[in-house]
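Each of the next two complexes has subunit A plus one more chain, namely subunit B in the first and subunit C in the second.
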Partner chain A sequence: MNLIAAWFSHLNDTTGINFTVFYDPFDRARFVQGFLVTLELCGVTITGSVMLGILGAWGQGAASIWLRRLVQFYIQMFRNTPPLVQVYFFYFGLSALLPEVKNSLGMSQPLIGGFVWASISLICFAGAFNVEIFRSGIEAIPHSTIEAAEALGFTRLQTYRQVVLPLGLRICMPALTNNLVNLIKTTPLAYAIAVPELLYVSNQIWSDNENVPEMMLLLFIIYIALVGVLVFIMHRWERALRVPGLGL
Partner chain B sequence: MNTKKFALLGILAGLGATVAINAARADTLQDIKTKGVLVVGVKADYPPFGSLSPSGENIGIEPDLARDLAKGLGVKVQFVPVVASNRMQFLEQGKIDVMIATMNDTPERAKVVDIVHPDYYASGYNIMVPKTLSLTSWSQLKGVPVCAIQGAFYNKEVAEKFGAETVAFTGVAEALTALRQGRCNAFVYDDTAIEGKLQDPTWKDYDMPLQSQDAQPWGIAVRLGDTSLADYISKSIISWDKTGLILSLETKYGIKHAAFAVQMHNKYK
Partner chain C sequence: MVEPLLIIDNLHKRFAHVEVIKGVSLTVGKGEVACIIGPSGSGKSTLIRCVNALVPFEQGSIKVLGIEVNDPKLDKLQLRKHVGMVFQQYNLFPHRTALQNVMMAPIQVLKRNKPEVEAEAYALLKKVRLEGKEHSYPGELSGGQQQRVAIARSLAMKPDLMLFDEVTAALDPETVGEVLITIRQLAEEGMTCVLVTHEMGFAREVANEVYFTDRGVIVEHAPPASFFANPTDPRTKAFLSQVL
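And then the complex of A and B:
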């Protein structure tokens, strides 16, 4: 570790290529912290948006017209507005209508903080697309399969959980991967509401050291790696789910 | 014409343009006198240092200083509004000849542009807090969420030295909204700008109870290599300090005398 720090410090002295995150303890600590926040944000939003997608796709096929309309309204709301606007809307707009709590100084502060609002808005944004993605998988399932399940006495929920969703998931896997990759690339928007994720801490670091190209290079590599890991996992999952004879 | 010839011609044209720019750079002061215009980059959104009057005229301490520079050269002055993120680029690209735009004199910036010495002004950072939060020292900020502007050089210091939790936003409006909504209990910003904000009646429940920190000198900048122009400006700054022009401009625009301005006046008078 010391050797790496010494080498990057030397690189800065001799060439002016300044990777402070490798030799300055303060910058390193906040960069690592930012990376962890980004990982957490990715984890929470991927999980949340997939669950929301599954729920929404079930709601789209519900008997109640009001539930179907509600899901449709939600999709239109979040698919038709830019994610940055949604983040600002939740954080500055909606948040002002919620109750406040007292902090340790005895000052009142909003109930929900930046990280949670960023997660909520990104889950809603990606979730809207996921509903449609799951619908595409569900609608590709032959009616005869669903009718067969009905004939066997499955309820609608049972059919959805045990027949429709497992088959539909296999079909919509590539589209789902695409959307989750996009979701990871949308997480830096959280920096607009001061969530200390990677782009936010990088901005602080390059403001202090004027090493914008170096930090951009690091960000670039880290996002390529993050998306690479996700795509790898999704491909493995896709292969593990393959049903011989389903023709997929 | 074949493609190879075409490419060669393109390269030559590019080289020619570069040479022309360098030649033009060599004698900016002479160029200014020939053109009869001094193009100065100033802030248009930072009263009382640089703003626009209702009739669209550049007013403030810095435009007034620029007018004095132009008067000394016997030329007209032309203002170009700049912001922190483009002011050095405008200077490098030749869109402006001189920059007087509340810029701190730092060693990193001195590598990119020629910052004229002596520095003409200095300001520090301070915090704006609700009056209900009674603060008596900076050390009380430990663990307190403090709103800030992304990219401000003092964010690191507030976090490192006083242990505050900085919450940095992209713009002043967002940071002020967050302060009002209680997302942070203080807003760290330039003391001069906070003073301007506090004159606004909508912020009457807020104040600036602590001493400004870390007074940083402000520098007027020219392009690297414009030595004759830099020499002229340097002499002008010394004469401003001698005559007390900056102190009288502070009075004109209704702000308190900065300690630095008083000190420089005493040094050169």
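And then the complex of A and C:
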């Protein structure tokens, strides 16, 4: 660790290529903190948007026309508007309508903070696509298979959980991976509402040290690595779900 | 006269503007086997799909063990616990093994405990002569084997009535035999069966009553011996002369 710090410090002294995060403890601490926030944001939004997709796809097939219309309205809202506008809509629009609370220092602050608003808006954004992705998988299942479950006495929920979802998921896996990759790449939007994630802390660091190109390079590498890990996990999952003779 | 298990009375069914069933009545007694034959498009499949409420119908009455299928307040799950159905295309759950396919409905629908259901599932697969294939996925089984898993899957619900919808139509002539053996075995054990089939020889062997349908009506019905030896209606005669 010391060796690395010394090397980067030396690099800065001799060439002016300045990776402060590797030798300056203060910059390293905030960079790591930003990375953790980004990780958390990715984890929360991936989980949330997949669950929202599953629920929405269920709602699309509901008997109630109002539930189906509600899902359709939601998809149109969040698929057809820019994600940055959505983040602003939640943070500045909805948040202003909610009451403020006093924090421990006696100052008033919004009821819901930036991180939560960013999570909510990104979940809604990616969830809208996930609903349509799950629908594409579900619609590819032969109707006769679902009919067989019906004939055996399965309720609609049982059919969805036991037959429709496991089969649909296998079919839509590649599309789902694509959308989740996109979601990871959309998380820096949280920067716009001052969530201290990776891009935000990088901005702070390069403002202090005037090392924009170095920080940009680091950002690229970290996002490539993050997406690489996600794709790796999704491929492993896809392989684990593979069923002999099913061809999926 | 045995006690009737299935009573269909003056059934009518239309899809949009086409009336596919125009007043069909038939009664199947407990432990009896009814075979429905007839040209394609004569409403045979629709008829038995009405019986377990897979398709709704407008007019008439179907009673299974006294349960009226045409009741708007019908508890479909209750009905389907009594009625098993086997399809032309097997329709197994491709992501589950043969054993899991058989176990799913009793565990999910009847909420029975797993060890008990598992023991029964092994026994059922043995009964349909699929010992050793318990852990194969449907995609790894032949058509005939898949269809026998489908039969075992229906039997796991311990139905009182089994519906077979052209279950051998997708199979090659050699594998047809292995599925028919299983159905015959069921009939011999006293299972009440309604079969839609093109297997005339099989109908002649196992049926108590053969029904010939054409364009939505039952043209003629009789016990197999007289049905095949002395058909009376000209349409039946024409059909039989083509297929026999």
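Basically, the second predicted complex is superposed on the first by the 248 of 248 C-alpha atoms of A that agree within 3 Å, B and C clash if a C-alpha of one lies under 4 Å from a C-alpha of the other, contacts with A are read in each partner's own complex, and residues count from 1 in each chain.
To be clear about the criterion, a contact is a pair of C-beta atoms (placed from the backbone, for glycine too) under 8 Å apart; a residue touches a chain by one contact, two chains touch by 3 or more.
The structure displayed is predicted, hence computed values, not measured ones.
Participant: Would you sort A:G61 into first (subunit B), second (subunit C), both or neither based on which partner it touches?
Facilitator: Neither: A:G61 stays clear of subunit B and subunit C.
Participant: After lining up the shared chain so the two structures overlap, which partner does A:A151 touch, if you call subunit B first and subunit C second: first, second, both or neither?
Facilitator: second
Participant: Mind working out whether A:N203 is in touch with subunit B, subunit C, both or neither, as first, second, both or neither?
Facilitator: In the superposition, A:N203 touches subunit B alone.
Participant: For A:R170 in the superposed arrangement: first (subunit B), second (subunit C), both or neither?
Facilitator: Once the two structures are laid over each other on A, A:R170 reaches subunit C alone.
Participant: List the residues on subunit A that touch subunit C in their complex, please.
Facilitator: Touching subunit C from subunit A are residues 142, 144-145, 147-155, 158, 162-163, 166-167, 170, 243-247.
Participant: List the residues on subunit A that touch subunit B in their complex, please.
Facilitator: Listed in rising order, the residues of subunit A that touch subunit B are 26, 92, 95-96, 100, 103-105, 107-110, 113-114, 191-194, 200, 203-204, 207-210.
Participant: Within the complex, which stretch of subunit B touches subunit A?
Facilitator: 108, 130, 132-133, 143-145, 147, 150-153, 155-156, 160, 167-170, 174, 177-178, 181-183, 185
Participant: Which residues, counting only subunit C, touch subunit A once they are in their complex?
Facilitator: On the subunit C side, the touching residues are 52, 54, 76-77, 80-81, 83-85, 87, 89, 91-95, 104-105, 108-109, 136-141, 150, 153-154, 157.
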